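In the two assemblies presented below, subunit A is common to both, partnered first by subunit B and then by subunit C.
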Partner chain A sequence: MMYSRGSLVDLLIKSNVSRYAEFKNVSRILTYRHDNVEQVPCSRADVFASRQLSVVEKRKLMRFLTSCVEDTEEQQAYNGRPYLEFLRDQQLGDNLQHFLVHSIAMVTEDTPTEAGLASTRHFLRCLGRYGNTPFLFPVYGLGEIPQCFCRMCAVFGGIYCLRHSVHCVIVDQESNRCKAVIDIRGQRISCSHFVVEDGYVAAERKKVATPTRFISRAVLITDGSVLPTDSEQQVSMVTLPPIAAGSPSVKMVELCPSTMTCPPGTYLVHLTCQSTGSAYQDLSPLVTRMFHTPESHDQGKRPSVLWCLYFNMVDGSAVDCHNLPSNVHVCSGPDGELGHEHAITQAESIFRKILPQEEFCPPAPNPEDIIYDADTAEGDVLSRQTEE
Partner chain B sequence: MQQELLFKVLVIGDLGVGKTSIIKRYVHQIFSQHYRATIGVDFALKVLQWDHDTVIRLQLWDIAGQERYGNMTRVYYREAVGALVVFDVSRASTFDAVLKWKDDLDSKVTLNNGRPVPAVLLANKSDQLGSQQPKLDSFCRDNGFVSWFETSAKENTNIEEAARCLIKHILDIEESPMSERDPGSLTLSGYANATKDHLKCSSCSKW
Partner chain C sequence: MHGRVKIKSTAQQEEEKRKEREKKLKVYVAVRDACFSKRKEGIWDDEALQLTQQLLSSNPDFATLWNYRREILMHLETVKDEDEVQKIYVAELSFLESCLKINPKSYGSWYHREWVSLRLPRPDWARELSLCDRCLSLDDRNFHCWDYRRMVVKMSAVPVDQELQFTDRLIGSNFSNYSSWHYRSTLLPLLHPVSPEPSSPCRKPPPTSSPPSPQTHSHRVCEEQLLKEYELVQNAFFTDPNDQSAWFYYRWLLGRAEREEMISCVYVSRDEERVAVAFSRPVNALSVGLLLVLDGQPQRVEWRSVHPRFKHSPVWICDFAPGTISDISNEHNLTVHWTEKPTRRDCALYTGRTESYCRDSATDQELFRSELSVEKTSVLQSELHSCNQLQELEPLNKWCLLTIILLMRALDPLGYEKETLDHFQTLRDVDTMRSEYYSDLCSKFMIENTIMKMEYAEVRVFSISDKKLTTLCHLDQLLLVTHINLSSNQLQRLPLEFAMLQCLEVLEAENNSLENLEGLYHLPKLEEVSLKNNKISTLADLQPLASCPKLKCLDLRGNPVTQIANLESELSELLPSVTDLLL
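Entry: the complex of A and B
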């Protein structure tokens, strides 16, 4: 999932890498309350059209969303105190507080007011750039994004040696630099820099936040949407507040077939949260309530889970490495945040270390700027190419 | 009124069969024994006055860098409407690879109606051919190529003809009514803007 004004989208546009990708707007934001899935009104049009909100609530929400964009003294008085408290004092009522905390700011009930307001503003800034919600999803899935960067790299002469995992590195003791890597077939590949995922780095060189932070994830294939509408092609971001005290708040994304991630008639669902236990402990109670699974007690008209997978992974944003050769650069795996701020910041900082003089991802020239006319005589080329 | 059509065409085939040479010959009217990889260009653009009221802008996408070894990413294939599949008549192994390339193509891109995109088979380096080559008509029929040509980038043989043949098939498909592309996809900028209407922000509200 990408914020329409996040650093990944900005980078894709700036570098022209976006030319290789296509996106879907997340079409709606949903939340789960009292065993019920509801749509969260987030744009002006949504608020007007909403059937869950009373006229008074609509007016209050409009007024709040318009006014919260500006910094006021009143807000500052709440610095350090929970966002929920601030909202309560705005006389917004339970409904609106729920939407604002969980679905718009996407924070927890004890998040401080200044952080809650910052998240709310970010949400509002992203809204309306491409559509009705602040999120974009790449057609065919997020795996397209690295492919897009790889194509750009290949066009500029980058070479890939696929299926050559690295077995070990050769380090020059004196300079403390990595000279080469040896792949699993014993082939030596010389290098002046070595960028590697943290999974390759030995545990004693890693400084991991204690206790280690994990992410719990579940992937489901279902036979229907959690909130069916006339259109089967909805891409939904679902915010799920803790279902019991001490349980995590969960983010869920439901993808329809037009995202090209699942066959017609099915939906692909991702659930993610910070781990409090195993992924199964954290997420299966929710899955059992929202979907029909073999463990569900009743036969309500909820979508059925056709396939599911639960797993945990280390929270990539919490890993730090040390005692490495000076030209070895480590990048971390995914973290639990929405958007990809951490990955982009890290990529840029590694790039700066390797090539301090160069611009990071400069715009690629447009091939259409080089024009060869079919009618021109042999060798006589009409070139509008400005620079290499 | 003049209409302008934009077609993305892929040029695929094994290492050294002459893909870059064919593009250079067709677009830039040159041939060389040595090619360095063209750095920084996704495609070569050929502009054709097709008939009285049609201009065709043909984007010829060459294979870059790592992609030489087959298994192209979908990023390269997306929105292609046709392909030239090339082999080298003097190297049998490159002909054996033709079906692998065709399968890879068909598995990663289709027309809106789910049918494969038209592909023309090029038997390149025909100038190096001593004796008459076997005809490939039934091979093409059996394997879904719309046609085949013996080409030479060196002597400029049949390249224009092959391209015209491919364009004709692309146009036939464009004219037959098909289901509209999924209108909900958007591009953030870049080439795709030229090929289709895309979502603008006009429909969405702002605070």
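Entry: the complex of A and C
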């Protein structure tokens, strides 16, 4: 999932990498309460069309959404106090408070007001750039995005050696620099810099937040949408507030076949939250309630789960590596956030360390502006980075 | 190629672009000249089609070329068989699509598309409709497309309910869209007409027989549907109260019924041997077949409006031949026929009476209340309640305030007078750019209220002092008024329509800003005029008064005109009938 005004979208546009990708708008924001899936009205058109809100609520919501963009003294008075308290004092009512906290700001009830407002504003800034929700989803899935960058890199000479994963690195003791890597076939590849995912870094060189932060995830294939409409091609972002005190709030994405991630007639569902237990413990109660699974008690009209997988992974944002050669750069794995701010910042900072003089992801030139001249081959800066 | 990428410098690129442009221009000009010369020679061949296509595909706004193309196509129609013509026109349509991509608002392309569509032997209207939908989804306010779509809908007879769903869809995606709301207002009366029997529920297509009587309103919508529309439009203006389109649609929903056309008043005066007739709307009496019958005898009279500048007027007058009705011991029966409608009004002038009239008063007709339509009071009441709710949330929203005022007027104009005045004051403050508009509108409503009060009191005295009036209106309703008091307002002129006050004897207009008296024109009974403390500055401003034969008293104190030397003698020359002059 990408914020339509996030740093990833900006980077895709700036670098022209976007030409290799296609996107679909997330078409609606949903939330789950009182055992019901509801659409969250967030754009002007949604508010207008919403059937759950009274006209007075509509006015209050619109007024809040337009007024919260500006910093006011009234807001500052709530700094440090919970966002929910601030909203309550705006006389918004339960409905609107729920939408604003869980689905628009996507924070918890005790998040401080300034943070809640900041994420509300971010949501609003993203709204309407490409559609009626703030999110984009890359057709064929998020895996497309690194591929697109790789493709751009390859067009300008980057080389990829597939099935040559790194077995070990050769480090010059004196300079504490990585001289080369040896792949699993025993081939030595010299390098001036080595960029690697944190999964390859030995545990003793990693400093992990204690206790280790994990992300619980579930992937489901279902036979219907959690909120069916006339159109089967909805891409939904579902925010699920904690179902009980102490349980995590869950973000769920439901993808329709036109995102090219699942066969016609099915939906692909991702659920993600910060772990409090195992993925199964964290997520299966919710899945059982929202979908029809073998464990479900009743036979209510819910989509059936055709296939599911629960797993936990380390929260990439919580890992720090140390004691590494100076020219070894570590990328962290995925984190639990919706956007990709961390990955982009990290990529840029690694790039800066390697090539302090160069612009990060400059706009790729148009094909007709490139001069093809074989004799002038010089320098191999752009081309010699092998990435995992 | 493993080298660092070399990129052309900006200067290089510019130079190349410039050359490219030059080349393009050369080709363009050459092709254009070729087209023109071919047209001059009257050549209508495939090559000409190709050349114009080449130019139009880069510049679809070249109207002459579209004309040429039409000439060629019309020629081809005469020499090819139907299948070939169909093929040519289908190709033309797909070419037009590429032109619309270049300029979606090209007049030439849309016009040509309509032309082609209408000539196509076997048109595919469904395809055209979906093209329109695609265009409108890209720009829902492309009026070229709206126009074209109207033609397509008409030609392919798309059912009205389907079209209504179409507006639902557009309004749902963005309700700031006049075109959609307006389209809705044309569809609803077709789909849910008001049924002749007030109690029966909505019926689908309008009954073909029995045209609606003048009292029912053919462009109105049945109440059941209206309630749904109120809900829809309220959702819009609660979501965004600053968006005008929804408010305008709301005004239409609440909108007034068409007034019944009728003769609202006939007045006859023995002294002047004159008849004055008032109509419910301005008419040209010379062309509507007006017939005056006196005691069974059609009269040959000359109708004239109250001022020669009015070709259309709600009030018309005519004089009998001298001696026709002057004998006070005679009784007369008058009938005015409006033969075109047809409608008529009778009036009897009894023995011993110097004047007589017969009329439907404004209160009888609920003239001012039906400014909004004749909804059930309960519906209007609940609409007022919603608007008041919104106003509480948005106390300074002008659209909301104005709508509240209108609703209050529809419900109880006199009862809500104070609130109305307060809301007008707020409106003037929050929307200073239109404060004059609000002042005029407020004046209009105050005049309406005063007319109602006068009629309830059954008097012929119209008194509206100290109400901040900035304009005068509804003067046709004051045909019978003998005394008018306009003092202490903000009037700057007595407009020409003022001449409709055919019975006026006394005019009080102190403490205004009057500088123009053109409406005091041939008022046959006017005797007394007080213009104290106004802004009359020249003798010429007083000229109209010379046309009022019975003027005796004139108060001009506190006007700049009194500074003129010899004023008194000048005035006695200008207004010889005046005996009582205050300067």
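We adopt the following convention: the second predicted complex is superposed on the first by the 367 of 388 C-alpha atoms of A that agree within 3 Å, B and C clash if a C-alpha of one lies under 4 Å from a C-alpha of the other, contacts with A are read in each partner's own complex, and residues count from 1 in each chain.
The rule is short, and it goes like this: a contact is a pair of C-beta atoms (placed from the backbone, for glycine too) under 8 Å apart; a residue touches a chain by one contact, two chains touch by 3 or more.
Bear in mind the structure is a predicted one, so any value in this text is a computation, not a measurement.
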Partner chain(s) touched by A:Gly157 [first = subunit B, second = subunit C, both, neither]
both
If you tally the residues of subunit A touched by each partner, is the higher count for subunit B or for subunit C?
B
Based on the superposed arrangement, let me know which partner A:Val55 touches: subunit B (first), subunit C (second), both, or neither?
second
Identify the partner contact of A:Pro365: answer first if only subunit B is touched, second if only subunit C is, both if each is, neither if none is.
both
Is A:Pro228 in contact with subunit B, with subunit C, with both, or with neither (first, second, both, neither)?
neither
Looking at the overlay, what does A:Arg63 touch: subunit B (first), subunit C (second), both, or neither?
second
Under the stated touch criterion, which partner chain does A:Ala45 make contact with: subunit B (first), subunit C (second), both, or neither?
both
I'd like to know which partner A:Gly300 touches here: subunit B for first, subunit C for second, both or neither.
neither
Which partner does A:Ser258 reach: the first (subunit B), the second (subunit C), both, or neither?
first
Between subunit B (first) and subunit C (second), which, if any, makes contact with A:Ala21: first, second, both or neither?
first
Contact residues common to both interfaces of subunit A (with subunit B and with subunit C):
44-45, 156-157, 365, 370-374, 378-379, 381
Can you list the residues on subunit B that touch subunit A in the complex?
27-30, 37, 39-49, 59, 64-67, 69, 71, 73-76, 78, 182, 184-192, 199, 201, 203-207
Subunit A-facing residues of subunit C, complex:
1-8, 13, 172-175, 234-236, 238-241, 386, 389-390, 393-394
Contact footprint of subunit C on subunit A as seen in their complex
44-45, 47-49, 55-56, 58-60, 62-63, 156-157, 365, 369-374, 376-383
As the complex stands, subunit A meets subunit B at residues 9, 12-13, 16, 18-25, 43-45, 65-66, 69, 124, 127-132, 136, 139-140, 144, 147-148, 150-151, 153-162, 233, 258, 364-368, 370-375, 378-379, 381, 388
